[in-house]
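Both of the next two complexes hold chain A, though its partner changes from chain B to chain C.
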Partner chain A sequence: MPFSRVHLAFPVALALVLGCVLPLGLLLVFSVFTVDMDAFEMVPDLSGHSWGQILSNPVFAFLIGKAVVSGLVTAGLAALVGYPLALAMARLPVVWKGVANIVLLTPLYTGEIVRIYAWRIVLGSEGLVNAVLKGFDLIDAPLKFLLFSPFTTHLVLLYNNLPFMVLAIWISVELVDHRLIEAARDLGARPVEAFTKVILPLTTPGLAVGLFAVFALAAGDMLTPSLLGGTSGATPMAMIDNLFGTAFDWPLASALALSLLIVLFGCASLMAGLLLRMRGARAVFAGRLP
Partner chain B sequence: MSRTVSLVLALGVGFFYLPIVVLAIFSFNASSLMAFPLSGFTLSWYADLFGNRAFLEGFLTSFLIAQPVGILGAFIGLMAALAVTAPGLRFRAVFVVLVILPFLVPKTVLSIAQAMLMNWVGLGRGATALIAAQTLVAVPFATTIIAAVLIRLDPRLEEAARDLGATPWQSFRRVLLPQLSGALGAAYSISVILSLADLTISMFLAGRTQPLSLVVASEFRRELKPDLNAMQVSVLVLTAVIVALTELNRRRLRRRASPMRDPE
Partner chain C sequence: MQQGLTRREILAGFAAGTAAGILGSTSAAHAAVSELVWATWESNGHPEYVTAFEKETGTRIKLSFLSSEDAQFAALKTGSAADWDMINPSLNGSWRYIKAGLLKEIDLSKLPNAARMYDVLKTTPKVLDDSGKLFAVPYLWGLNPLVYRTDKFDNEPDYTTLFDPKYSGQLAMRDYALESIAIAGLVAGVPRDKVFLMDAKELAEAKKLLIAQKPLLRTYWQTIGDLTNLFATGEVSCAFSWRVPYDELKGKLPMGMAKPKAGIMGWCDCFGMPASLSPEKTELALKFADYLLGAQYATEIARIGNYATTSSIIRDDLTKEQQAAIFVDDMEVMKSFMWPVAPDNYSDWLKIWNEVKAS
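After this line comes the complex of A and B, so read on.
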């Protein structure tokens, strides 16, 4: 068989298997090893000890559950905020769409630490929001819940991941035949009805992709909760980091990391799968209209 | 454009740029306290920046690491995009999942797993490990960008080249590559930018190498000083310049290519 583009898949797949799948697979092996705390090294004595701890100690289930809830809340908020933005961007004249794309993606390029840092200045007790509220005499003392609370974590998680949601929905909206929306309006549908009956069903593939990505990214974030969440900022990732670095319990770290991955991918696939099963999405994939 | 559309867009831009604008304002504020009301204009935080060796060395390290990440990211992204858009690729879904895996696995988990593997086989952490890991994370982005352009190309051009006797390499070099240079530039830029912005991977794999994000993070935990703002604004401006140059380059190439594709 002569060489063709298909064969380029091999080196790429090899790189990804070595750099990504192999390390993750190794987690599975390490999770059944034991640590010899006297020699301070990991020995290949097979034991289910780590998995036993994961299943019996409720702290792990609690942390993973918290990450899942965080991911779901962020994904839901991103969908609510993302739809109006994506619909507005789709209405822009063509020449402005390229600009809108850059404007949307530039904040994404700022480093993780820059964003966290900037939000501290905006939300701090002497920050922008409190200064403005005070200036209008709306509050006497600075609002404390703005910084180092679950509110902060979710606001910044939304900020970090919203561009992915907007992008996914926007592409989907651009693919919808605009005449369908016009037809709905001509036949007397109110804007809300045109949205729920025409736009929403036909853009479910984009919504599913956006929810999947935002959920995975938000639930897997460690820095935002730990640097902005205050006492509420514990995450399974920070726990894994701790077990790996300080406590030197690699088997438990591996078991926790794997449990987290399994739960996250399970939830994300379930969510995206349910959406893609809906009538609108099936119609889009079948290339016909409902 | 209706008024609702403008309002929604204005609110969106406001939300996305609010923290960045506040950061910029305080980098010019003549007070070491980052609090309102503002105290007057100064450039001294920017002057301090050039005297800070840790920042400058960190910046140089980050820049030197970002270059190979950009080149490798674009190269692997190109191969992945060529493969994924080729007709007749078997197990396409598996390949797609493999390529987007580094995007979906939490970076903390992936980096720790990589650090464990490297420790186990006895490889040291440091610049090489960091470049490899950051390249993997850039691959999903680079692939998407290049594949998005590839699927819009007219497949008949490549078929015509092959029918006229071009080898696969010739048809790639003469037909596909010229149409892809904009996308390759964009893939390079996004890989460079992701590398400059990364903190999580550096935390676990940098070893003794100290890229800027790590220097800033350790500073950040100790105290917040406005020279950090000046630093961040400088990095942002640099990023914006890269983005703008990439976009200009893409437009220039598209203008040059368009008369060929649809003659008027």
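After this line comes the complex of A and C, so read on.
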């Protein structure tokens, strides 16, 4: 068989598969082990105890469901906010596109902890937003829901992950042949119709990349919910961390991690299916114009 | 002017680069011996506390701050803390490390300053294995009070305050099963000497209280720096705490510290070395352990952190006020402490705590 460019991808593909499959295999094996808490040792076993706990204790289903909802809400909001931004960026002169890119990515240059404490200063009871609202006599008492609530968690998750959505859509928008949009408008399509019938299908690959990235990042975040979500900040990731670390219950932690992965993978597959059902999207993915 | 490089020059460059790399590695190896990584609490290891030791020995103390005792144990057990040279088990938690074979035996004769330790801590069996070998040395102790804003409370708060709807939105609890469930147990009426031995029924009562408490809390605090920030920004007015926020903020805000009569959580930190520590590092670590029991560390941590070491080395040089500030004016105080200790059914406690947080 002659050497081709495809073969160049083999080493990387192999590394990716091993890097993904090996840890998952270990998790699967650990999940059926048991723990000897007297000796603080994992005992090789074929026990269904951990999986039984995952299925019987509603806490685990609740936390996984919460992560899925968090990921979907953030990804949905990021798509809504991201499209106008990406379309606006695509219309900028080349120099300003560079500036817009830098501005868009600036939040990512700071550490997550720095951003978290900055948000506390902005949204806190004595923070910037409450001070301004009070200064204009719009409120009597500070708006407590601004900080340490699900609102805070999703606002910050959206802020943190928005660049991944905007960049993905923007690159797709740049590849759209503008004559197609002009043709649609010339044929009487209103801006909304031109968007839904031309731009949206043609940029579905970018939207898909953005949705998958934001969904995975938001559903798997631990620090933001934990430090900004207040008492509502419990996440499956924190529990996995807790079980692996504090509780030394690796079998249960492994079973929970695998359960979370299975559910998130299922949701991502569902999202992919829905995207492919969008009018024209399948043709774009197949490399043909609608 | 030379326009390019010859093959000979390129090869010479590679050779020089390789040599520099090897020499660099060698010097890095030397540098590694003169550095000790100390895993400890943020409040025990301010850089200025160890400056004198660094100057005296030329050894750099690299601080690695802990988030919880359980996380420290798990990190050692799972090998994810391979760079730690010195660790910080609690007096009551040391047995777990000893039983799991995670600690190196300590020769007390190599710690001259141990001679001035308070007897009750020097002779404690909690840091010995079954054969009487020593694996950890207590070096610092204190109490965990309730810290509160005096301008927001008419009376000194106690543990029931943390469950009082009147103070909804101003309260915080530590995100830590052992202490939080124990406090709920005390509020439920379990005596302080039995609170760490609660049975399933008592634990269920504590869980009920904690679930009812959840909507009253502003948040669960993760680190003491986190809680200090919450007090400083006005988010929290009363919390089960360490004394750090009180000391950090008392000059800027009206801060108070309450010692609930139901029982005061005492703490005592020990010094320990990972079982796999190299002989060179062990020598250095023992020198550092002796420093922790010496006058310099005791003076600095009493002055800045308001903590007392387990040594009486500076006690008589302090004024009565200074002694009171670090609770060494009356040593009887240690008898009223509750010493948090992980119970046999601790995994049940952790499950309850996770259920409370997910409720």
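As a convention for this text, the second predicted complex is superposed on the first by the 262 of 290 C-alpha atoms of A that agree within 3 Å, B and C clash if a C-alpha of one lies under 4 Å from a C-alpha of the other, contacts with A are read in each partner's own complex, and residues count from 1 in each chain.
Definition applied: a contact is a pair of C-beta atoms (placed from the backbone, for glycine too) under 8 Å apart; a residue touches a chain by one contact, two chains touch by 3 or more.
Everything numeric here is computed off the predicted structure, so don't read it as measured data.
Participant: Applying the touch criterion given at the start, work out whether A:A234 contacts chain B, chain C, both or neither, answering first, second, both or neither.
Facilitator: second
Participant: Which one hits more chain A residues, chain B or chain C?
Facilitator: B
Participant: Counting only touches as set out at the top, which of chain B and chain C does A:F62 meet: first, second, both, neither?
Facilitator: The answer is second: A:F62 touches chain C but not chain B.
Participant: Which partner does A:L92 contact after superposing on A: first (chain B), second (chain C), both, neither?
Facilitator: In the superposition, A:L92 contacts chain B only.
Participant: Taking the superposition on A as described, I'd like to know which of chain B and chain C A:G188 touches: first, second, both or neither.
Facilitator: Neither partner.
Participant: Of the two partner chains, chain B (first) and chain C (second), which one does A:P44 touch, if any: first, second, both, or neither?
Facilitator: A:P44 sits against neither chain B nor chain C.
Participant: Does the superposition put A:F248 against chain B (first), chain C (second), both, or neither?
Facilitator: The second partner, chain C, only.
Participant: Identify the partner contact of A:A13: answer first if only chain B is touched, second if only chain C is, both if each is, neither if none is.
Facilitator: A:A13 contacts chain B only, not chain C.
Participant: When the two structures are overlaid on chain A, which partner does A:K144 contact: first (chain B), second (chain C), both, or neither?
Facilitator: Only chain C; A:K144 stays clear of chain B.
Participant: Is there a shared patch on chain A that both chain B and chain C touch, and which residues make it up?
Facilitator: Touching chain B and chain C on chain A: residues 117, 120-121, 124, 126-127, 227, 244.
Participant: Would you tell me which residues of chain C are touching chain A in their complex?
Facilitator: Against chain A, the touching part of chain C is residues 68, 70-71, 73-75, 77-78, 96, 99-100, 169, 177, 214-215, 217-220, 222, 226, 229, 233-235, 347, 350, 354-355, 357-358.
Participant: Touching chain A in the complex: which residues of chain B?
Facilitator: Within the complex, chain B contacts chain A at residues 1-2, 4-5, 8-9, 12-13, 15-20, 22-23, 26, 33-37, 76, 79-80, 82-86, 88-90, 95, 98-99, 101-110, 112-117, 120, 132-133, 136, 139, 168, 193-194, 196-200, 213, 216-217, 220, 224, 228, 232, 235-236, 239-240, 243-244, 247, 251.
Participant: Considering the complex alone, what residue numbers of chain A touch chain B?
Facilitator: On the chain A side, the touching residues are 2-9, 11-13, 15-17, 19-24, 26-27, 30, 84-85, 87-89, 91-93, 98, 100, 102-107, 109-122, 124, 126-128, 131, 159, 162-163, 166, 213, 216, 219-223, 227, 237, 240-241, 244, 250, 253-254, 257, 260-261, 264-265, 268.
Participant: Report the residues of chain A in contact with chain C in the complex, numbered from low to high.
Facilitator: Going through chain A, the ones touching chain C are 37-40, 59, 62-63, 117, 120-121, 124-127, 144, 147-148, 226-227, 230-231, 233-234, 239, 242, 244-249.
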